[in-house]
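Take a look at this one; I'll ask things after.
The letters A, B, C and D name the chains in turn, as written, and every chain counts its residues from 1.
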Amino acid sequence: MEMELEIKMENPFGKIATLEKAMEHFHDGMTLMFGGFGGVGSPPDLIDGILEKNIKNLVLIGNDTGFPEIGIGKIVSRGRAKKIIASHIGSNPVAGTLMTEGLLEVEFSPQGTLCERIRAGGMGLGAILTDIGVGHDLVSKGKKTMELNGKDYLIEPALTAEVSIVYARKADPYGNLVFDKSARNTNPLVAMAGAFTIAEAEEIVPLGSLNPEEIVTPGVFVDMVIPSGGVNWKWAWE
Amino acid sequence: MEMELEIKMENPFGKIATLEKAMEHFHDGMTLMFGGFGGVGSPPDLIDGILEKNIKNLVLIGNDTGFPEIGIGKIVSRGRAKKIIASHIGSNPVAGTLMTEGLLEVEFSPQGTLCERIRAGGMGLGAILTDIGVGHDLVSKGKKTMELNGKDYLIEPALTAEVSIVYARKADPYGNLVFDKSARNTNPLVAMAGAFTIAEAEEIVPLGSLNPEEIVTPGVFVDMVIPSGGVNWKWAWE
Amino acid sequence: MGMGIDVRNRMAKRAAEEVTPGMVVNLGIGIPSLVPNHLPGGMNVMFHAENGIVGMGESPVRGLEDENLCNAGGFPVTVLQGSSYCDSAMAFGMIRRGRVGLTILGSLQVSKRGDLANWIVPGKKVPGMGGAMELAQKARKVIVLMNHTDKNGAPKILESCTLPLTASECVDLVITDLAVFKVENGSLLLTELFAPHTITEIAARTGCDFSVAEDLRVIDY
Amino acid sequence: MGMGIDVRNRMAKRAAEEVTPGMVVNLGIGIPSLVPNHLPGGMNVMFHAENGIVGMGESPVRGLEDENLCNAGGFPVTVLQGSSYCDSAMAFGMIRRGRVGLTILGSLQVSKRGDLANWIVPGKKVPGMGGAMELAQKARKVIVLMNHTDKNGAPKILESCTLPLTASECVDLVITDLAVFKVENGSLLLTELFAPHTITEIAARTGCDFSVAEDLRVIDY
C-alpha cells in the first residue's frame, strides 16, 4: 500500500491510502452514505471507483440523487442502487424514471430531518423527535409518534451506514478534515455516521498544518484518507 | 446606547451593545442557560452583571456549577438560583450544601445527554432518544421510554431558555462567533438554545474580518454582542 | 404592463417590500430569486441557503463561478461580508428554531387556509420535498409567489388543495401575477391588485371566495 | 515496593499496557492521569477530553498555563500535532459512537459482573455523574484503576455494589494496588498480581470470589 502512494507523506496512523485500497471496503448490497448536495461536495474518485468495480444493489443514503452525470447521480443513473433514502430526486430525471419503473425504491425524508437522522447516527443516538411532517401522509407513514409537553412529534430514527464517503478540501494524516465553502453541506454529518468512513481530499497536508480551531471533522471519525483527482464532471450550470 | 460604547465599530445589525443594555434582558425567576465547563468559557462580565443587578430565583441550565468563585459558581454560591439542570456539581461544594439544605434543586443529566438536550433545543427539535441511562434509577426517573428496532431508549427532552449567555474569543457585528480552544465547550450549543442570546466577546472585530469557514456560531443565533473585560477570577489551579 | 417592469419582477418587487433590515431570508428557485434585485441598496439582509450558507450575495460574473460555492439549487453564488458556512443540519436548525424570518417560495397550489402544495404531482412528478416542509412549517413568515392560474387557466388558489400538501396552514401571503392576498384566520383577504387587473377578473380566476380589504391598494409599478 | 516505582505509577504503568497505537483514550482524574507517562515514546495515541479536545499532550510548564486550554477536570493541558477542538456535544458523540477505544476511570466500587459505582455516596457526596455514564457505557474498553480496599480496609470489589451504579456490566479490567482482574462472562478472573502480594492476601481483601488464571502473571516493576 505504501509503495503505491504517490504522496510522500508520513502516515503515522496508517489512514492514508490509495483508491484501490479504499475499494476493498465496497461490496454488492451494502449500505453506503455519501456527502454532497446537488453533487457539490461529493467525492468524484470514490464514485468512479464504485462504478468501475461494478458495485451494485446499493442502499444509498444522502441528500439527493445529484444530476444524471454529477455526483452520486452517476451511480443512480446506471441502476446500481436498489434503494435510496434522500430528500429529493428532482434534479435527476433518471432517478424518477427508475422509481416509476419499480427499479429504485425511494424513501423520502424532509431535508432537515434527514440531516438530523444522519447526525444522530453519527452521534450514537437512537432517534430525534421533530414536529416536521407530523400528520403528513407520506412523511409520518409507518413512523412512531409521541406526545411531549402537549405537542405531537414524529420519532425519526437515526441512520448509519457500513461505509460513508465524503469529499474534503484538506485532510491531515489523522483524518482531520476541512471543507470548501458550500461543499461542506452534509459531509461533516455523513463522516460521523459511517461505521467505516473514507475521506477523499483535494489536498493531504502534514500533521499539524491544520489549525485545531478550524477542523470541522475530527479525525476520530475518519478511518481512511485518499487523495482526490478533483471533480471530473461538467456542472449543470456550465 | 451607541454613545456609551467605547468600541468604535459600525453596528449595522444593531447587535453590539453595552453590559447595561444587556442587563435589561434579565429578571427574577427566569430560565438562564450559560456556556462554560468548569468555569472555563463562562462570560465573566455578564455573570457579574447578574450578581450586581441582584437577579434571583434563577433556573439555570449548564454543564456544571463551576467552582465557588469561578464562572456560574459565583451566582450559585450566593443562592441566586432556585434550580439548576447540570451534569455535576462536584467542583462547587457550596452547591452541594445548598442542595442538601433544600435551597437548590438539582436535576442531574448525564453530560453528553445534557449537551444533546441543549443542542436539540437550539435546533428546534423536541427530544433525542439515547440509551445512556436506560434503567438507571435517577436518570430514567419520570422520563418516557421507547423501544426502537429492539432496543430501549430514554426520551430526553430538548432544553431551551429565555436567555442564553456565552463567552466568545471574537465576535463580529452580525454576532458571528469564534471561540478559544477548550473554552468553546458548551458555548456553541448554548448559543443556539436561547430565545435571546447574548455573547460576551473578548474582541469585537469588523464585519468581514472573520473567515466564513472558521465561524463556529453563525450570527443568526446571536441577538446581542457585548465587549468583555476578561476573566476576573482566580483559577482553581492557580 | 407597459410599466417597464415585467410581471415576474413586479411580483418580486412586491415580495421585496416584506423584507426588513437584519432579516434572515430564504428564497426558493424561480421568481423568488429575483427578490434581491428589488431591495434598497445597503439593506442588511442575510440570505440563507439550506446547504449551509448565511450571507449570499449576487450571482458571480460568468466564468468566475466557484463549483464549491453554490446555493441549494446547485447554482453558483457569491457571499457578502459577515457570511458563514455551516453544515446542512445547522442550516435547518436555523429554520426550525424560528431564526429564518422569511421564506419566499413557489407553489403549485395554495388553499384559502394557507395550505401549501408544492412538492409532488402524483403519477407525474415526484421530485421529493427537499427542504420545503421545514421552510413552510417554520419560517416566521411564508410568502408564496406563483402565477394565479396554471398553464390551462385553472385556478391555483383553491378552497382546498387537490395536490398532496407540503404543509398545512403555513402561508401568510400569496403574491400572484394579478393580486396579493393575506391569509387571515383561515380565509383570504385581497389586499392589493396589480394594475390593470380588476376584482371581478381576480374573482373569476380564483378557486375560492375571499374578502376585499377596505383600503385595497392598486400596485402600478 | 522497593522497585523504584510507587504504587500509583505501577498501576498506571500496567494500564498503559492496554493502550495500542492510534487509539483514542479518555482518562479520568487521579491515577489515570499518570498513564501517559508510561507509554512508549512516539506512540500515536489521541487523548480525548469531554469538554471538546482530541490530542492532548502533557501538562504545561508552570506559569505557561492557558486558562482557555483545560481538560474536563478544569486543569491546564497542552495539545499535540493533529489535535482539534470541538464542542462538548461532539466530544460525547465520539464516545457514544464507539470511537473512543479506551477509558481509564477511578471508582468507588466494582462488582464481579463489572458493574461500576463511581458517581454518588448517598447522603454524603452527590457530585453528579458528569460524563462517567457515557464513558462507562460506550467506550470500547473500560478499565478501572482503584485501591483494592477503602480507607477502612473494606473491599471495593464486591459481589454486588452497595452504592448506586453509574452503569452496569461495563468494566472490562480492574487494576488495583494489589492485582489485575479481567471481567469475563459475569465473573472475575485474576490474571496478574503485583509483587509481593499473594493470592491469599488478595482473596482476603476481595468481597467476592474469583478464578485464577492458569498463566497468572506476577508483575514486579
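Basically, a residue touches a chain if its C-beta (ideal position, glycine included) is under 8 Å from a C-beta of that chain, and two chains touch if they have at least 3 such contacts.
To keep track of the chains, here are their UniProt names: C, D = 3-oxoacid CoA-transferase subunit B.
These numbers were taken from a predicted model, which means no experiment stands behind them.
Ranked by how far their CA centres sit from the centre of subunit C, the chains are topped by D.
Between subunit B and subunit C, the centres computed from C-alpha atoms are 36 Å apart. In whole angstrom, the spacing between the mean C-alpha positions of subunit B and subunit D is 30.
Of all residues in subunit B, those touching 2 or more other chains are 116, 123-125, 130-131, 179-181, 212-213, listed in ascending order.
Counting partner chains per residue, subunit D shows two or more touched chains at residues 79, 85-86, 89, 92-93, 95-96, 138. Interfaces, counted as pairs of touching chains, are A-B, A-C, A-D, B-C, B-D. Against subunit D, the residues of subunit B that register as touching in their complex are 37-41, 63-64, 67, 86-91, 96, 99-100, 106, 108, 110-113, 115-116, 118-119, 130-133, 135-139, 169, 179-189, 216, 231, 235-237. Residues 116, 120, 123-131, 144, 146, 148-149, 151, 153, 155, 157-158, 178-181, 212-214 of subunit B are the ones touching subunit A in the complex.
The residues of subunit B lying in touch with subunit C in their complex are 12-14, 122-125, 172-174, 176, 192, 207-208, 210, 212-213, 215, 218-221.
Those residues of subunit C whose C-beta lies close enough to touch subunit B in the complex are 22, 24, 44, 46, 48, 54-55, 79, 81-86, 89-90, 92-100, 138. Of all residues in subunit C, those touching subunit A in their complex are 49-53, 65-77, 79, 85-89, 91-93, 95-96, 125-131, 133-134, 137-138, 164-165, 167-168.
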